[in-house]
Amino acid sequence: MIIVLKNNPEQRQLDNLRSWLLSMGLHIHESKGESTTIMGLIGDTSSVDMDLIRALDIVETVKRITEPYKKGNRKFHPADTIVDISGVKIGGGNFQIIAGPCSVESREQLCNIAEYVKMTGTKLLRGGAFKPRSSPYTFQGMREEGINLLLEAKAQTGLPIVTEVMDISHLPLFENVDLIQVGARNMQNFELLKELGRMKKPILLKRGLSSTLEELLMSAEYILAGGNPNVILCERGIRTFETATRNTLDLSAVPLLKAMTHLPVIVDPSHATGLYKLVAPMSLAAVAAGADGLLIEVHNDPEHALCDGPQSLKPEAFAELVKAIEAIRPFAYKMNL
Amino acid sequence: MIIVLKNNPEQRQLDNLRSWLLSMGLHIHESKGESTTIMGLIGDTSSVDMDLIRALDIVETVKRITEPYKKGNRKFHPADTIVDISGVKIGGGNFQIIAGPCSVESREQLCNIAEYVKMTGTKLLRGGAFKPRSSPYTFQGMREEGINLLLEAKAQTGLPIVTEVMDISHLPLFENVDLIQVGARNMQNFELLKELGRMKKPILLKRGLSSTLEELLMSAEYILAGGNPNVILCERGIRTFETATRNTLDLSAVPLLKAMTHLPVIVDPSHATGLYKLVAPMSLAAVAAGADGLLIEVHNDPEHALCDGPQSLKPEAFAELVKAIEAIRPFAYKMNL
Amino acid sequence: MIIVLKNNPEQRQLDNLRSWLLSMGLHIHESKGESTTIMGLIGDTSSVDMDLIRALDIVETVKRITEPYKKGNRKFHPADTIVDISGVKIGGGNFQIIAGPCSVESREQLCNIAEYVKMTGTKLLRGGAFKPRSSPYTFQGMREEGINLLLEAKAQTGLPIVTEVMDISHLPLFENVDLIQVGARNMQNFELLKELGRMKKPILLKRGLSSTLEELLMSAEYILAGGNPNVILCERGIRTFETATRNTLDLSAVPLLKAMTHLPVIVDPSHATGLYKLVAPMSLAAVAAGADGLLIEVHNDPEHALCDGPQSLKPEAFAELVKAIEAIRPFAYKMNL
Amino acid sequence: MIIVLKNNPEQRQLDNLRSWLLSMGLHIHESKGESTTIMGLIGDTSSVDMDLIRALDIVETVKRITEPYKKGNRKFHPADTIVDISGVKIGGGNFQIIAGPCSVESREQLCNIAEYVKMTGTKLLRGGAFKPRSSPYTFQGMREEGINLLLEAKAQTGLPIVTEVMDISHLPLFENVDLIQVGARNMQNFELLKELGRMKKPILLKRGLSSTLEELLMSAEYILAGGNPNVILCERGIRTFETATRNTLDLSAVPLLKAMTHLPVIVDPSHATGLYKLVAPMSLAAVAAGADGLLIEVHNDPEHALCDGPQSLKPEAFAELVKAIEAIRPFAYKMNL
């Protein structure tokens, strides 16, 4: 961390700053120019609050040189993390598709889709039981009953299941869920993250709508620092001015995150774009950019179900997409290209 | 709600759509043009999921005419809501400043600031006990101990207190807190909102970093629909590309929200801008735009405390600002100007 | 276009609105519900200013059903446009890479790169002569001399050349330029667009930093409406809150634009990300998403040139990327997948 | 400027960097820590291209300490600039309202509004002659004829006039225009800015839709560096995800710009919000925040003109607003509060 001081800093404040920094176990390397003094801080600066230093009257600017995330940082842990989801591996060259309906709606719906998904060779089943909805007046998910149906589908198909948690108090219901999803709106629900850090179960952490990549990694750090190394990151679109898509899928995040961290990185093209027509092209693009996996919504026969999300693929389109993904995978970007 | 159909919609799908809409208790008013058919839905459409309709093959576009928020909607409740915070009123012409330190750090710090704040005539004391921090390695607040210190300061000064809740499981600690704050990162923590809806205590709901005004009102609706009418909204900056300020304070939100809803609307210039130099001008601007109150960070003597937020005012500057606010208030915008 | 009227509109204003709409050659189809009246406008509404209608006291809301762009609209011109750049075709299944240095700096630099680019099989040479720079104090490009060097490189290699125009008054210098680029900052320089519409030369129109896809198509419409059908669109990143990349490359724009318009769509990963490490993965992703081409910066031996852009590839990395692009192309998304 | 080098930089590259920096007339102050070397550059770094340095293999990061704008920088020119518009002063305590119709439509319309505007004590008349429109099919302004009508209104009322230029080639028509406006879409039309720098006429420079404050000041620097000191800056809203307003008015820009630069800063609430209901509250808020002036759209009797912009005030509402502005001005923020 570098602190640039203002011209002619008041001596007492400077002494205060120096002794505070030393008290945190840091070494200070000072260099005086004609008009500016620069302090280089040597040591572990991850717990130093830049905002606090920047607020001091005598400070012109502060610049972090080392990243504030440690356990998730590829610099300190160069090898890819491989997360094992009840026997299904992701990361380190292992690519996985996670597929299923947006919401669990009935036993029949879920089982039909689960069987179909399995038939395509897909190894992980997703389905929403607790649904974060912006309106209190719309369907909030089947909740506990939805989780039970997912567990039935798991028993029937053998596919490990993925579903979203919305509150710490619901965690007991997730005992047999194989991969717990933290949704975009909860990416900075720090109490929930801490609780998940105390578990050993794999966590799928989605990027918040307005979160930077560094913030996503800091949220992962909450889980990692708690002792749970099984974190998968998911890019799912950020909020921008463009209204043609629901969100703007930030695919640059894939190679950037993979350079910044050793954790697996997957992409959710369904929620990112909100348009089923874009699921196939953006899935291929995500694979080409080097993603470790995809999260894809598949829905049942639309003749019998009005409530299909606008971003869901029908089963046949999904099966075709799985083939196209398999075909393009050998030509995807590899980090040392 | 208006549904515009595509040309030559398939008859069976059209019949499905019609019977589904009728089953929701809606009336349909159809009008056929040469190339498009328009369906106008009459009735309570607040629980109709637009995304689901938009996803249908036969639908070109859907447009909501009436707002999806009801209990918070000024159209249905024209009179200003006045929220009573343990005897201190806000809204309906009652203007309040809420002031105090960003974080509660010690009994001495908090009591000093509380006394100072009271001396300026300010009637509500804020202080952070649970602190949402992007890094797990930085200070997370004094938590339970912080709340106890706030309660001590309340006992000493008589000022009702305001502090942020981060998780449902902490709510028992908030029994004697007078106004519970929901932070920007929890604006869409729907399980928390539902729980707060079951209480009668006043809630201060901050706008999320990337939330639209409609989404803010929908989050308020969760609390209102639960039976708690005591909601205060707070504009605190949105995330944009501009890096000169921490966030971009959206002051247009003040008159717009006050036209959309009957709930009180306050502004937090400290967090929005992240720069203490902007607290005074943006406070005056917020008042001029018609805000019902302000949330302002005040910190102790910076000589004794390194950990002052970069957005906090010193006590003397705060006292001057309170005077300037009082002076400008009679000239502020009033809705029927 | 649909106009939703407010309840009980004033009769005289309603008559004014009706006669104004009729005077524009539109037919009106009115449908009265219990509380709202809806007017459907039939006819060519592309010249109707929605903002003006929305401003009327009696109007609740206005919604466009048909897109405001006509000549660029795939609905009316389903077949892909193929643009011929001095014999090199792009669009309609023809894929092209455009490569070269960010700035033309010297004859030697440009000719070396041009020869190298040609050796990889790349058929179009780019180079900046007029450089839009945010600071008046930094290098503004070699300008006229730069164009002359590009023409020399064209004579030597036979590669058609692409370079950016910044002002109408410079157009005479572009007589022998094969493809004229309009930069992101000039996407809404409407006088320039009109002038380019009077030419027959191919135009490469880059998306503005904060432009929606519809606005990009409306800018293309200025050129098309002027009589010049040879427009290529280029996605080059939009401005968002994320600072890890210079801009956020919006790859969803590729399949969306190709559905909206028949014009070729290419991608510039170099400028979008501002990081040379991302050029390869994002190039492959763009191809996978169905782009018709790429615009890639290549620079000379960095040992001899300090002034390499941070987003440029070295020649060897470029040659490897060209091979990877060729390998992935057969597996890219095709619209009727 | 500070350059942080990577660990163990290659010696030859380091020598190259050093000699290049020295060749630009800079002094280098190096400071070696255990793991990082920091170079402090002393001298005029305004022409140093940070991106180029950041691109070097041996560089970890680069940080600018001094602002890249010089002539507009308040640090070097502490006194407020006062711009004289044909006798009407703005800046340095002089507050002005600029009012008039969005578009000039006819002699009668313009003269009526001009007389009305003058009656309220407003001293500057605006009107659009050249109109930047996103669609080629909508009204493009009266152009030359519009300027002639503005000159007639000036002759009749004595009010200096303000209108927008869209292209260098139109500048001869602006000979008798008193204040030339550069629109948001042209803020980075650098060739136009250079040309305006060669004139002495006052320039009203609007912030671009996605421009940072630093970029706005760099665009002003183009004009100032050319020799024209008469620049007025205008905040008019930036593009964000919020759709309730056309743009998001960034009022924090007012006090921030006034701290960064000595140039006058005004606000355009009409275009920023796109809603006439917000013009009054946001005008008062802009004044409270310390703006040097306002740009307000006023339109004629709406019974006779359908084409009123949705953001325009009617004359009576404008007259009331002028009074409210006068009343609030004494209580506005002053920089040394």
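By letter and in written order, the chains are A, B, C and D; residue numbering begins at 1 in each of them.
Just so we're on the same page, contacts are C-beta pairs under 8 Å (C-beta built on N, C-alpha and C of every residue); 3 or more make two chains touch, one makes a residue touch a chain.
Here the structure is a predicted model, which is why all the values come from computation and not from measurement.
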item: Minimum number of chain-to-chain contact steps, subunit B to subunit D; value: 1
item: Interface with more contacting C-beta pairs, comparing A-B to A-D; value: A-B
item: Inter-chain centre distance, subunit A versus subunit C - centres from mean C-alpha coordinates, in Å; value: 32
item: Between subunit B and subunit A, distance of the C-alpha-averaged centres to the nearest whole Å; value: 26
item: Subunit A and subunit D, separation of their C-alpha mean positions in angstrom; value: 39
item: Where subunit C touches two or more other chains at once, by residue number; value: 210, 239-241, 243
item: Parts of subunit A lying in touch with subunit D, wherever the complex brings them together; value: 2, 4, 29, 31, 33-36, 38, 40, 42, 60-61, 63, 65, 239-241, 243
item: Touching residues (chain side subunit B, partner subunit D) in the complex; value: 210, 212-214, 238, 240-245, 248-256, 259, 272-273, 275, 277-278, 280-282, 284-290, 320-321, 324, 327-328, 331-333, 337
item: Complex interface listing, subunit C residues touching subunit D; value: 12-13, 16-17, 20, 46-47, 49, 51-52, 54-57, 68, 132-140, 166-170, 185-186, 188-192, 194, 208-210, 215, 218-219, 221-222, 225-226, 239, 274, 276, 302-303, 306-312
